[in-house]
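Below you'll find the structures, each written out as structure tokens.
The same subunit A turns up in both complexes below, where it pairs with subunit B and then with subunit C.
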Partner chain A sequence: MAASVRIRRQLPLSPWLFAAPGLLVTGVFVLYPFVSTLVNSFTDRRTLLPGHFVGLANFRELLHDDMFWTGLRNSTLYVVGVVPALVVLPLLLALLVQKNIPGITFFRSAFYTPVVASIVVVGLIWVWLLDERGLVDSLLETAGIGRVGFLSDQWLLLLSAMAVTVWKGLGYYMIIYLAALANVPRELHEAAAVDGAGPVRRFLSVTVPAVRSTMVLVAALSSVAAFKVFSEVYLMAGPSGGPAGEDTTLVMLVQRTGTGLTGRVGYASALSVVVFVVTVALMLLVLRADRRDES
Partner chain B sequence: MSVLEKVRPEPPVTVRKEPRVTDEHGRRIRVGELVWRYLLLLAVLALTVGPFLWQLSTSLKGPTEDIYSSPPSFLPARPTLHNYTRVADTIPVWDYALNSLKVATANVVTNCAGSALAGYALARLRFRGRKVTTLVFVLAMLVPVEGIVIAQFTTMRELGLNNTLIGVVLPGAIGAMNVLLMRGAFRNLPYEIEEAAYVDGANVWQRFLRVALPSVKGTVAVVAIFAFMGAWDDFLWPLIVLSDPSKFTLTIGLNYLHGTFAADERLVAAGTVIAVAPLIALFACLQRYFFRGVGEGAVKG
Partner chain C sequence: MPTPRRALAAAVVALVLPLSACGSGGDDAGTTDASGKVEGDITFQTWNLRANFKSYFDGLIADFEKKYPGTHVKWVDQPAEGYPDKLSADAGGGTLPDVVNVSPDLVAPLAKAGLAMDLDKAAGKYKSEYLDGAWASHQVPGMSGTYAFPWYLNTGPLFYNKALFTQAGLNPDQPPKTYGELFADALRMAQKSGGKVATLANVPTVEDFGRYGVTLMNKQGTAFAFNDAKGVELLSKYKELYDAKALDPQALTATPESSGKKFLTGAVAMNPGSALDLDNFKKNAPSLYRNIGITDQITSTGHVNMYVMGVMVNSHTRHTPAAVAFAHFVTDARNQMSFAKKVAIFPSTAGSLNDPYFTKEDGTDETRVRIAAAKSLKSAVNYTPVLFSDQMKTALRNEVAKALQGKESPKQALDNAVNAANRLLQQG
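Here is the complex of A and B:
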């Protein structure tokens, strides 16, 4: 900041002119909607009707809404299923592409392709792969196992969607781990090797402790993203959330109840508040677990 | 960032008596290790890129070819581009692509300009309320989009911009994260350069445009790439805000294609190839900046 003290004379208005577009967009389309989500959650507002204050009625209704519990269950299961895989697998992948061997740049970029591709493309590709007549089942049949029909069963469908989320996220978290691995001093590995530690032992007692804070970061990022899952399940299960809506996630429910001309904005806002609260809680939980481990 | 730059230089293949493969520290890698590394790399390659190739293959298979055969046939017997023209007959796929391109381009322009301006003010200009302004962007970054889409939708209705491409662009037009990224980049510039320009009589706009901005081109490129991909990929928001099929972006159009004509996978496959090809091309061209940007953005948050 030293220089900004020295460069003092400037048009008094210009700093605000610089910041104005950013502040305007952020204020109108992020902060105002955030506040109005909170306010609307206490009203019975609909898309075309202004709505009245109804206190906690929306939240009380949530407690008796089977669909809400289905959504909460699926979003929670999603976190439980996806996060451990996304904490561990990309780390292993990063170790695999870390060494600078010929062609490694190609592999790194190639492994990143699923991250680059639109979620819609990814969803449609996997719907086609996992279709009852699709590639995966046809390979399974050729192998003598028979066709599974991944998308026709409520649980297999949810599991498949999780697998797709992991598949798409691998490359992204791989890059984060690569950055962390580069900071692990090589001497630590060498010292451990001298002490007779094999690769597995060295991974557990050198690599893992060294990238622990990155693992926590990945856990935090991926759990928040997993809880808010929408596109994968929407694309694979369809707008209504699979058989009898059993694969609906919370954000799918928000989208379904809150949009359209008859959208129940108030009720969907209450759902959004739940999404928001759980998201923040998840963040705090992960960060807290981190601190406890350290002490 | 350091990792990738450290890792980037071509592996020094020393050719003395025998060709050797060494790692970044100049240490030799044993052949055995090399073999299992490449085997694993190829296995992961099949898993990550294979699905895209299968999609491409499906899109090239003619109407008479059995796409459900077991065992599956990976190469089209008689490759044809017929499905691509058929997609265009079924849905206005090129119009959708154009809509996506408009949205993505607008998003790139607004994000680059808006976040550079705001980032510069936060990093380099002294004004009352600078800390509060910074805090506003930090808070905005923490608000989950999924939690506010319904309110964004009603806001858009109130502004009369529902069901327009402008409505698709606006909420993400200047991302808070991009503002903070630019702020970080400007902060890292040495002050001396700007001081020299100041002494030469340059005003704040001139210092911004002629001195500071050219020095942070790398970060602007990162913002541009993120903005383009984010807009091109977005699904939830356009799905909510757009109701008129003629205004659909490619992602929404594809979902529509999938829903309406699920019977013919060749068409859906051709549609997805059209949607993903530009992104892969863009990524292939800019991957250098991209990897650096993702690493930095993710770690520094």
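Here is the complex of A and C:
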């Protein structure tokens, strides 16, 4: 009797004990930095100097900061340029490598290789390829087109970075689609074929509806990742963010503004809050569009 | 219902904790009295020196520990990349080493935050051991005091590719000596090569404006002023070079490393460097090394640019006498001279540059560069203002790029850069 009472008393505590390590890690490394960023966004804190509460001054300042609007424009363009490609192309790739034919494992591995490659290595390789004296420009010159200068033009540089993001992300989303395609009932394809539907018709009428929720997931994941892009643009455009900083993205601006011994931590935090709000809005937008389609 | 209350309390703590970081930062400052017994464990941080100079520093530390029994020096070395970020993380987290290798622009924010010891107070007796200009290089406008021992100095010549000069019909034995000659040669080089060979690979930085004779700051050191007529003139000249492809098209995004690589591959004809580079050319670009030309830095002021390194003492050190003694030991005349003989740098101690090592020719290029550099150092200037932060450098660079692309006039671009830098200066 006494033992059962003790057990009953201990019961409410034990789940918390199991959850404690996870809660602690989440609290220290996720919640605390998040709340800290939020609080700092209302201060004029510097890296080494104390901050004071300045209300909405940082947010007002960023409305008048040309570089903020450049960053917002580039991050938004990145979403617009990259997300459709990352929703469609990996699906087509997954359809290609889905079939069990001899040697297909090689192609699956090959398409997945860029995913596991370090982004720094990938960035450097593409910089070498696209440099004014790199392989691509040399080939174009040999072909009589002339050197394009992918890394010295503001828009070509951004497009090049987008191409690298798509190239690197293809394999990752291909794996997600492969899992989704494995769950598409074979009978549906067979029934459509019996009804006379060709490969394109079967893709549009059977495959796409079956993997629609996966496409939404891919759109949500890739849009958040695209809006927060840093490495590709930083490696290709350099720390200055391209010519006159015109290729700077919002996260690059956060890094540039808030780091170093003279970093404006308060202002960078305000920029981070904007990035957070926009990414949450993007997620909600994608999910809402999905719900509307379903209804 | 205690749980929601507890959750609320936790949320309040989480909200208030970050504000606690907004403290004064200098409340528990250590003493500047370095007169006590030299003893205790201290940490010494260098900036990317372990890879090539491990034995030198091991010997230096061993000598210090032998001289002062009861001391122990722990040496840490940080990579070159991201060094200011590492310093700011350490300074913010209260883990800044006792003795730190810094440059003047890194000392300024640390001194303002009360983290760098005023050596005029703690070690003023050593001042006469150093060159006057070198000692003054770690002073911060608006603050009294000196915040680091001067360590090694560096400067260098302008390297040029003689083969490219010949191909452009220029005399490889008569490199440009003035800005006028430089701009004329650069335009000719671009014209002769059909825009394929640029002469320069970098946009002008604040030190270039200084060397051109532009007034960088007002006399009080309270505002930047490089948007004067001279500044506009320099930027207009660079715009001409950019339009003629005499300035590499990728200069707008170049870093010193990438422009150095362009010089190595023969894509650009001239590049600033130091005696250290000769060895690099010899190893990595033998054909360039055979054609290498060496000439003096071009300056309108008569004073070449120099880079200064320093050794700072953390004002919060618990072992002030040991930290000050070690920082002085690292930078004293004997040890600086010994370091200079291992690497192509120059001591900042008074009289050291008169050593035969810096005055006697032996017929090699290395010695010629070393002697010329040592001679020019006696009147060299560190043109980069100590208050010119990374954010200001970015603002200048972006505005310069806009002017070169023709999006803004040189005057407008420099006005914008000065306004941005002054705004950042006022924000602290």
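Please note the rule applied: the second predicted complex is superposed on the first by the 270 of 295 C-alpha atoms of A that agree within 3 Å, B and C clash if a C-alpha of one lies under 4 Å from a C-alpha of the other, contacts with A are read in each partner's own complex, and residues count from 1 in each chain.
The criterion applied here is as follows: contacts are C-beta pairs under 8 Å (C-beta built on N, C-alpha and C of every residue); 3 or more make two chains touch, one makes a residue touch a chain.
From a predicted model like this one, the values you see are computed outputs, not experimental measurements.
In the three-chain model built by superposing on subunit A, subunit B clashes with subunit C. Touch criterion not met for A:204: it reaches neither subunit B nor subunit C. Once chain A of one complex is fitted onto chain A of the other, the partner contacts of A:259 extend to both subunit B and subunit C. Of the two partner chains placed by superposition, A:80 touches none, neither subunit B nor subunit C. By the touch criterion defined above, A:133 lies against subunit B and subunit C together after alignment on the C-alpha atoms of chain A. When the two complexes are overlaid on their common chain A, residue A:152 makes contact with subunit C while staying clear of subunit B. Of the two partner chains placed by superposition, only subunit C is touched by A:52; subunit B is not.
When the two complexes are superposed, the chain touching more residues of subunit A, out of subunit B and subunit C, is B. In the overlay built on the shared chain, the residue A:32 is in contact with subunit B and with subunit C. Of the two partner chains placed by superposition, A:281 touches none, neither subunit B nor subunit C. Once both structures are laid onto chain A, the subunit C stretch out of 111-119, 255-263 or 363-371 that overlaps subunit B is 255-263. Taken together, the two complexes place residues 27, 31-32, 36, 40, 45, 47, 131, 133, 238, 259, 263 of subunit A in contact with subunit B and also with subunit C. Residue ranges on subunit A touching subunit C, taken from their complex, read 27, 31-32, 35-36, 39-40, 43-52, 131-133, 149, 151-152, 237-245, 256-257, 259-264. Across the complex, subunit A is touched by residues 1-4, 6-9, 11, 13, 21, 23-25, 29, 34, 37-38, 40-41, 44-45, 47-49, 51-52, 54-55, 58, 68-72, 110, 113-115, 117-118, 120-122, 124-127, 130, 133, 136-137, 139-140, 143-144, 146-155, 157, 170-171, 173-174, 176, 179, 191-192, 194-195, 198, 203-205, 208, 229, 232-233, 235-236, 239-240, 250-251, 254-255, 258-259, 265, 268-269, 271-272, 275-276, 279-280, 283-284, 287, 291, 294-295, 298-299 of subunit B. Taken together, the subunit A residues at the contact with subunit B in this complex read 2-8, 10-11, 14-16, 18-19, 21-23, 25-34, 36-37, 40, 45, 47, 93, 96-102, 104-105, 107-114, 116-121, 124-129, 131, 133-135, 138-139, 141-142, 167, 170-172, 175-176, 178-183, 186, 214, 217, 221, 224, 228, 230-231, 234-235, 238, 251, 254-255, 258-259, 263, 265, 268-269, 272-273, 275-276, 279. In the complex of the two chains, the subunit C residues touching subunit A come out as 14-15, 17-19, 21-25, 84-85, 87-88, 91-92, 106, 109-110, 112-113, 115, 248-250, 252-255, 258, 265, 267, 389-391, 394, 397-399, 401-402, 405, 407, 424, 427-428.
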